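The same subunit A turns up in both complexes below, where it pairs with subunit B and then with subunit C.
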Partner chain A sequence: MVSRSAKGKVLKALGIAALFAVILTCGASFAADKVIKIGTIFPLTGPVAVSGQNCLAAVQTAADIINGKYDWPDFPLAGKEGLLDGYKIEIVAADHQGKPDIAKSEAERLFNQEGVFAVIGCYNSSSSKPASAVAERLKKIFLCGASSSAELTERGFNYFFRTAATDGIESEEFADYIDYLNKNKDAGIKTIGFLYENSEFGKHAAEEGKKAVAEIGLEVVSDVPFTVGATNMNSEIQTLKAAAPDAVFGAALGGDYSLMVRTMKQSNWAPKIFINYCTGYQSPAINKELGSDGSFYMGGMGYSPEIAEVYMKGALPAQEIYRGKTGFPLDSDSSQEAVCLHVWAQAIETAGAVDTEKVAQLLRTETFPSPLSLSGEVAFSPGGQNNRAFTVITQLADGQYKTVFPLDYADSELVYPFPAGDKR
Partner chain B sequence: MFIWLGLLAVLAALAVIPGAIGNRFYAHVLVLVLLYASMAQSWNILGGYCGQVSFGHSVFFGIGAYGAGMAMVTYRGVPWPGIIAGALLAAAVSALISWPCFKLRGHYFAIATFAIVEIFGRLFLVWDWVGGALGLDYPILDDSWKYFLWSSDKTGYFTGAALLFAFVFGVVRFLEKRRFGYYARAVREGQETAESLGVDSMRVKLTAMAISAFLAALCGAFFAQYNYRVDPPMVLSLDMSMKFVLITILGGMGTFWGPLLGAAVLIPLQEYTRTYLSHFGAGVDQMIYGILIMFMMIRQPKGIMGFLAEFGLLGGKDGGDI
Partner chain C sequence: MDNFAQVVVDGLMNGAIYGLVAAGLSLIWGVMDVINFAHGEFLMAAMYACYWLGSLAGIDPTVSWIATGAFLFLLSAVAYKAVVRRCIGKAAMAPLLATFGLSIFLKNFCLNRFTPNFRLLNNTALSGKTVNIFGAIAPVPQLVTALFSLVVIAALYYLIKKTRTGWAIQATAMDAEAAELMGIDTERVFTLVFGLGGMCVGIAGGFMTGYLAVFPEVGTLFSLIAFVVVALGGFGSIPGALCAALLIGLVESFAGFYIAPVVKYVAVFALYLAVIMVRPKGLFGW
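What follows is the complex of A and B.
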């Protein structure tokens, strides 16, 4: 048996725990009048936490703009405080930790418990799939910014809307560019290798890439998947080096991208051209950390500060609010998450009511102005893909994203071929 | 007597709560408690009663999940044949891979089971027949027992989880009072001594592993049906294996009610810390979750059953055979 004092201590501990639970519960159940709750599900912890946190900051930036009043004529809803007759947007954030089962249960919680009107997420395609299936089953709106797996919009869902370009769209653009270089610049690119994370995103990107390069007659000489969250990529890079492809398409997120770049440098080898899908390349935080090692890599981008300066001036004030939250400018992925909220807000304003069916119908049929999108507008096809989405191909040089393709947008000449480690 | 009445009250409450709260988050937590208690109990057969600490149970869990997933997605049918096939396959695979591993003892056996998870995880990532890295995504179907899928409320899943829980705990209760149960505990307490008394330790361990794997696979099938998706990182991971072990140790290894108590503490802790703290985005929920586990294990290494014994709530028993 234990002493009375020991029992007292345990009871005290239980009391503190109960108080803690009550405080948390009260905090979470706070609600104001005239509030529309929007849920977000991003990987706020785990291997791609930085990207997930940036995505959340971008959604909060869009909410701040819509809830506040700004004299920005190029930014719809900025000039009006709130939505409809004074509704404010409240963001309810959730963390899926990069795990699809948690994304699914958080989607259920947000809809059923928190009563959110719509959910924005989930960054990782593998998490977006089950979370959006929850929304579809409940006939609730799910907006997806950065998840690039083309499969997401091939499921015939009615309540799913994605603003970003798919890896299928990017693959075609990459292949077009290589074809252009071969035909017009005598680049001599005949073989290609794929280096990708072995996940829904990486595998799908590689499959789309292989289809696209087959159209221009490139031979795939190396196909190298790696484990997400890898601690060592020496064997993968050596495999690639042994096959010595002229071009490499890469698909690596967060810390994996940094590791890939550093291991490439150590191997003292580089293909003639290295083009990346998605975020590792696009993240200003990661590229700041990589410094000059990140130079000469290329990738598809729907947004960069340099592009915004020329083609998306309406986005620049929003970028400053975002910079205040994160210390970095908007990037390609986070900007798309902000677009999700902005487009949804325009739809609800047009609908004139907090009505899921009316808003979903408007999202399916209308075209929305979008200063945060490169095309300047958003319109969804059946299945939910933004048919106005497109990206440009950029190359990093001295920490700046230089646009090289399409030619209409190009502001720089490509540095070609990619200098190997000892020549950089 | 106290604990039995208490657990009866808890189970009675569990039976009515989901109907009362529909599709609320509480119902989700209850379903997970029952699922993870069943998972931990399946592991407890081998790790607790037989004393063979395995970190490879996510492999059997994963095979069960893929059995259901492939029946639903690859073959566009109902999950039931896949669930049975997956469970039987998991039992067969467990016996096959355990045969050489059981020649190892203690830490060496545990390390070998770690490696098995890595092997299966990587195999399934590149195996196109099982969906590879893309995984298997369930189609949108009507809520029904036929497909064992529900979206409008949790009552179906709760009933399924309660049945799974009753089956797994029933099997263990049945086994622990039979000769096999005594043999298993004899092997745990001293393999050489047990063998000197005529116990075929290899046979006992293999049987424990096969039964344990069969039940773990049933839990895996439930997990896939519940999440509408299965992919290798979700099920064939060390993270998942650790859940089997952690819940059992927290509740009380080698005890009958330990897995339920472990799940009843750990799962709500995991779910509610994430719910209320994850939006800070700094992993605060995971830190608090970890600190609380550390505190409990330092305070009472025998787990919650040890706590109950310490406070005299087990009628003078030490929790070892309860």
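What follows is the complex of A and C.
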């Protein structure tokens, strides 16, 4: 039998525990009142972890700028500490490991359990697709930076917004450039091959590329999808070499890109021109490791340190914060993830309230200044595509991204034709 | 003809490299009945060790393979003593899950310490060099790795078949209890076998750093192919592993060029399934 005094002690202990619980809950809610949680879903581990971690660092860079106070007149919201009347952004990071099913379940967790206001992600188009479908079902905002599959913004979603250029936009630009070279430089590019990873991103990029080159009359002589994370690329490069296309469009991420570059060099063969979609080509870290082997490859870019020096000076201070986190300058993919948070923050500031519907409506209708975008602004079309998204074509030379097209932006002459490994 | 020669040379080079990666796995399985799920991560650890030796101390992979082989011997022996040994004789899944946990630990340790960045050794003694073999271009780093793989596998085979240590290993593999009764220290044999398995993959990783990017996921597909090699060649058979590896290299290369590059791994796994259905013990199993 429990004594009366023992019962009293238990009740007293329970009472104190309950009081603590109430205080903690209140404290948490007081703190939560001034915090807006934003979820991120990137591949923080897995084959493209380097890109995922860079994307997260870029979002955190944008959050640091918005939460802090900086005397940067060209960077909206930098001069004000926090959002609205003192709200701070809290980033809740999730890892999808490059797997679409995990991206979907992480989106559900972030919205339903973490209570995030919006999600930014997912780098891989294949992961952005199911994760954004979760957001659409819940009528929550999903901001997409680097995923380039045009299909994402062709679904008619109302809460999906993408800042980067699509594979379709890039393909048209690549085709325009080849057409220009043929007509004005007598380049003689008549045939083309495609080398791409066998994924949503790679397959879609190749489809868009084939449509674009058909418009300028190029013959597709080689179509080479490859397994992501391959142990070697001998068959892939040998197949291309046997077909000997004049041009190649490539879509390979991370380690596959470096393997492709090295295998191509060893094969002693190169097409006249090799242009990449948003790939390992855009990563300063990968190109630093590749050294001179990475030279003469080309690619579409919405951001590079060299472009920023000339056309995006407002982005340079942000780049230094990012460099402090990663050791590298911003790149084309990660900068777009920072744009997502920056644009969303401007929308919430304009809305004057933490209200999903108001913010989404502003994202659909307004144009936002964006120092991290090459065009300087962001505006979304129905379906969520940024209709101001714009890229230039660059060529790597001596570790620097030289802009070669459009001509208005060009700062260098194209090194043409691409020299094979034994002719460098 | 040039294409055919190129396909054959590529297939044999890749096959020989798969053989060395798989030889250690085969040895461990054959003697201890343990499937080492951390084998791919041992390869990754060797590649990181070689990369850091190259980038910080300027030691070329043609030399640093000795250090990575020794390092992986020690790492594997320690892994055996600290993790695997405690699982032997327990539930059948215990060693499997323990090595799986070890693989996750190693991968995430490297991810945390070295970031997921892709790291490449440039300007090594062999980089950029190629030789012409019957019209096929063979990159010297891969060719040297492949030839060295054959030498290491031959040495391993000699050790197992022709030395007293090898006889002790064979005796332990056949009947550990009887071997103990004959005075063989089976615990020491197990440690040695796990160490040798690691050493093989350490040497392979040391050479492969000369031409492959190093990152936390680099061992994933190699270890998967190594499992196929071991199963196809017959669990525990080192000559079987080599023959299976060369066969897999050729199948991968021929399917990749003459059918489509995207099916090269499909062909490898299809071959594996076909052989396993017809001959479950593998080509050289007993």
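By definition in this document, the second predicted complex is superposed on the first by the 391 of 424 C-alpha atoms of A that agree within 3 Å, B and C clash if a C-alpha of one lies under 4 Å from a C-alpha of the other, contacts with A are read in each partner's own complex, and residues count from 1 in each chain.
Going forward, contacts are C-beta pairs under 8 Å (C-beta built on N, C-alpha and C of every residue); 3 or more make two chains touch, one makes a residue touch a chain.
Remember, it's a predicted structure, so these values are computed and weren't measured experimentally.
Undergrad: With the two complexes overlaid on their shared chain, look at subunit A and say whether subunit B and subunit C clash or fit.
TA: After superposition on subunit A, which the two structures share, subunit B runs into subunit C.
Undergrad: Contacts for A:T365 in the overlay, against subunit B (first) and subunit C (second): which applies, first, second, both or neither?
TA: The answer is neither, since A:T365 touches no partner chain.
Undergrad: Going by the contact rule set out at the top, does A:T350 touch subunit B (first), subunit C (second), both, or neither?
TA: A:T350 contacts neither subunit B nor subunit C.
Undergrad: For A:G291, decide between first (touching subunit B), second (touching subunit C), both and neither.
TA: Second partner only, subunit C.
Undergrad: Which partner chains sit in contact with A:E136 here, subunit B, subunit C, both or neither? Use first/second/both/neither.
TA: first
Undergrad: Have a look at where A:G202 lands relative to subunit B and subunit C in the superposition and call it first, second, both or neither.
TA: In the superposition, A:G202 touches subunit B alone.
Undergrad: Is A:D101 contacted by the first partner subunit B, the second partner subunit C, both or neither?
TA: first
Undergrad: Check whether A:N232 is in contact with subunit B, with subunit C, with both or with neither, and answer first, second, both or neither.
TA: second
Undergrad: Is A:S381 in contact with subunit B, with subunit C, with both, or with neither (first, second, both, neither)?
TA: So A:S381 meets neither subunit B nor subunit C here.
Undergrad: Among the options 166-174, 292-300 or 310-318, identify the stretch of subunit B whose C-alpha atoms clash with subunit C after superposing on A.
TA: 292-300
Undergrad: Using the superposition described at the top, list the residues of subunit A that contact subunit B and also contact subunit C.
TA: On subunit A, the residues that contact subunit B in one structure and subunit C in the other are 45, 49, 52-53, 198, 225, 227.
Undergrad: Give every residue of subunit B touching subunit A within the complex, in rising order.
TA: It comes out as residues 22-25, 28, 122, 125-126, 132-135, 137-138, 140, 151-152, 223, 227-229, 231, 233-234, 271-272, 274-279, 281-283, 285-286, 310-312.
Undergrad: Note which residues of subunit A are touching subunit B in the complex, please.
TA: It comes out as residues 1-2, 7, 10, 21, 24-25, 27-28, 44-45, 49, 52-53, 56, 92-95, 97, 99-102, 104-106, 108-109, 112-113, 126, 129-130, 133-134, 136-138, 151, 198-200, 202-204, 225, 227-228.
Undergrad: In their shared complex, at which residues does subunit A touch subunit C?
TA: Those in contact with subunit C are residues 45-47, 49-50, 52-53, 198, 224-227, 229-232, 234-236, 238-239, 242, 254-255, 258-259, 262, 265-268, 280, 285-286, 289-291, 293, 421-422.
Undergrad: Can you tell me which positions in subunit C touch subunit A when the two form their complex?
TA: Per the stated touch rule, the residues are 3, 6-7, 10, 14, 18, 107-108, 111, 115-120, 122-123, 128, 130, 137, 139, 211-213, 215-218, 220-222, 225, 252-253, 255-257, 260-262, 264-265.
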